[in-house]
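Here the structure comes first, spelled out in structure tokens, and everything after it is commentary.
Labels run A, B, C and D following the written order; every chain starts at residue 1.
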Amino acid sequence: MNALSSVQPAPPVSDASAVATAVAAVVAAGRSAALRGWVPATSGNFSVRIDAETVALTRSGVDKGRLTPDDVLIQPVDAPPVARASAETPLHLGLYRARPEIGAIFHTHSPAASVIGAGLLAEGAVRISGWELQKALASVRTHEATVEVPIFANDQDTAALAERIAERQAQPVAGVVAAPGYLLAGHGLYAWGATAAEAERHLEALEVLFAQILALKQFAA
Amino acid sequence: MNALSSVQPAPPVSDASAVATAVAAVVAAGRSAALRGWVPATSGNFSVRIDAETVALTRSGVDKGRLTPDDVLIQPVDAPPVARASAETPLHLGLYRARPEIGAIFHTHSPAASVIGAGLLAEGAVRISGWELQKALASVRTHEATVEVPIFANDQDTAALAERIAERQAQPVAGVVAAPGYLLAGHGLYAWGATAAEAERHLEALEVLFAQILALKQFAA
Amino acid sequence: MNALSSVQPAPPVSDASAVATAVAAVVAAGRSAALRGWVPATSGNFSVRIDAETVALTRSGVDKGRLTPDDVLIQPVDAPPVARASAETPLHLGLYRARPEIGAIFHTHSPAASVIGAGLLAEGAVRISGWELQKALASVRTHEATVEVPIFANDQDTAALAERIAERQAQPVAGVVAAPGYLLAGHGLYAWGATAAEAERHLEALEVLFAQILALKQFAA
Amino acid sequence: MNALSSVQPAPPVSDASAVATAVAAVVAAGRSAALRGWVPATSGNFSVRIDAETVALTRSGVDKGRLTPDDVLIQPVDAPPVARASAETPLHLGLYRARPEIGAIFHTHSPAASVIGAGLLAEGAVRISGWELQKALASVRTHEATVEVPIFANDQDTAALAERIAERQAQPVAGVVAAPGYLLAGHGLYAWGATAAEAERHLEALEVLFAQILALKQFAA
């Protein structure tokens, strides 16, 4: 990428230390999720924003429990997916483009998220209320709030899916707090945050809330 | 806190070794609970009494799996919460003030405790009987005893909540053994003991009893 | 225990290496069960036979996850419980006296064992059939056999309980294979084997069979 | 096996490095499954193809969590089971003989696989559709595909069982994708792949899909 030999504008050059920090955060988040059993059989993908134009993103098909910096790609936010990028790259890039405040996006395939998404797809969302743990989400101050996690039908055309998600994200719902995440039915959870640490807290809070909702339904049955 | 320059009485000075022991016990209890999955997404808080006037207490918002002594605050029992203290500090201090025999209080957000509390709030308590494991509670000698764990509605006003809890704690219930703990509906468990080791045993016993009650309900359904 | 100064017959002297081997096997079995979550809150107890007259046995009230050789007592098979022995020592000694082929007895308080025992006490036994895993029990050759695990009501008078268990063990049931273990309702599992390794295999097989029975009941519901 | 002193044709001599690689892959797969709780009480067996004529295979009755290269046997594909081979060796060899593209076969006894097999035996198969995770199977491209995992009644005569399995494998079912695995009712899962890594991914994907199916059934109940 020798910008001197090109008549096109030079691509943005990310700071080396910012790249290393983002790559390390991707590796840490992927390994942590693997230890929790949330990314079975090479599923899931993880990204952390480097700067306004670039993100670090796991490549396709790698076991997240054995993730190394070599498995992390550098992907421009406004370009098509680079070689070896995951098929779900458009779902990450769409969010980074639309919402500059997002600093990290983690996608997991946990059983609880897969099951809640499949079981409640017809309702279009799962609504969370009455749980203290929902306060771990940055925008929630009380267990009395109602938090809405949208549910989308799964689609192998991830570019089309990213558009449907962007449309719905742009339409706030009155009376509920929008969760920093959404579900794909039978597939899993996308969760995000302003930083990798916040995205990890949001991911863990949503995963545990889903598990609690499943357990309460059985207890109350 | 230079007492020489003040006309007020000097605050009590805790023994350095007692402080270090209490801080280490807080760190150990928090890390142990994190390994069990009982304090997701920076939830939960842990305190150990240093002496009659002072306790060691986790600060707000820290991941208990990475707890270090720097995350533990020294909090006077009879003073308002110190800077960076958890919003739930009044729930700890109320118990330490009312009951001098309590040496440690551990608060967890496990799925089982959250679900039992939410599912049985209308009954005001969960009653435990017929389980050998209830003998792990200091005041219980037989599986034939009935142990009562009160359940309170969750409240973001923790000072008001602490008062309601103190009122109910002051009214013993005939025919049941009061558990060394209570539940906040949809929130989690507070458990305590005369020492950190006893509080940890009580916490583990109550958590497993809740899990057994959930499992028996499903089996008998 | 200086036998020279006594007119009574000298107690049997166990071989030092046999003692060390049995103590090490008790520590290993207790720690392994703790890692599986089968002995919460200092519950459970573990013994391994040293020779015809003596066994090594965990003392009362110790956290099995931190078990050391200092927590293991040497207990004569034909004598009353030694100082600091568990209240459940009679349940171990009764089996060792009645059945010389038993080399190790492991007692756990797992949720699955507690729940199955409580849920099926009225039937007096849990019958296991159709599972390949039952072949891990020494006396079972096919998944078509029916294995019977007796269930007894819990009792704090462990000497009386040991007698009821011995009576029932002495009466074989036609058409079923007697499991190398029994359940105490709401309490847990006793499992045994000719060696510590066999007792550990039997313990694990029964625990997992109980978990499978619970799961199949829910699935078929 | 000194071929010089024999009038029979010399048996094929496997490359030493290929043997070492296959043995290491068997040990790694067995230990990994043990950590997941999928091979309780010495159950399960694991094989990796060395070359067209030979496979590496776990011996009978070994704890997979403590597997070492000494516990792995070298077994000709076209010969009867060697000494100390598992009783289930015919199930491995039948697949290796019929399908040269199979490079590794892993057999687990997980609770989820045992329960699904027992619960759905009357239907003869479990059909998987609508889950993103099914794309972790090599032949599946979309969550909209229907993947069929055949279920066979368990049988202690593993040679006869191997024949029934071979017959059904030879009859493709229209409209469904054949899974790289099958279930034995109340027994467990056989899964395979072109390489050890692929077999491990297939095993994990199928195990988690079974767990999701169990959980969705309870949630939707």
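Keep in mind that, in the parts below, a contact is a pair of C-beta atoms (placed from the backbone, for glycine too) under 8 Å apart; a residue touches a chain by one contact, two chains touch by 3 or more.
Please read these numbers as outputs of a predicted model, since none were measured by experiment.
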Same or different: do the copies chain A and chain D touch each other through matching residue numbers, with over half of them shared?
-> different
Expressed in whole Å, how far the mean CA point of chain A lies from that of chain C is 48
Euclidean distance of C-alpha centroids - chain B vs chain C, Å | 34
So chain B residues touching two or more other chains come to 218, 221
Line, ring, star, complete or other: which describes how these chains touch one another?
-> ring
By the touch definition up top, name every chain pair that qualifies.
-> A-B, A-D, B-C, C-D
Spell out the part of chain B that touches chain A in their complex, as residue ranges.
-> 40-43, 109, 111-112, 114-116, 118-119, 154, 156, 184-188, 214, 217-218, 221
Provide the residue numbers of chain B that touch chain C in the complex, in ascending order.
-> 130-133, 136, 141-144, 201-202, 204-205, 207-208, 211-212, 215-216, 218-221
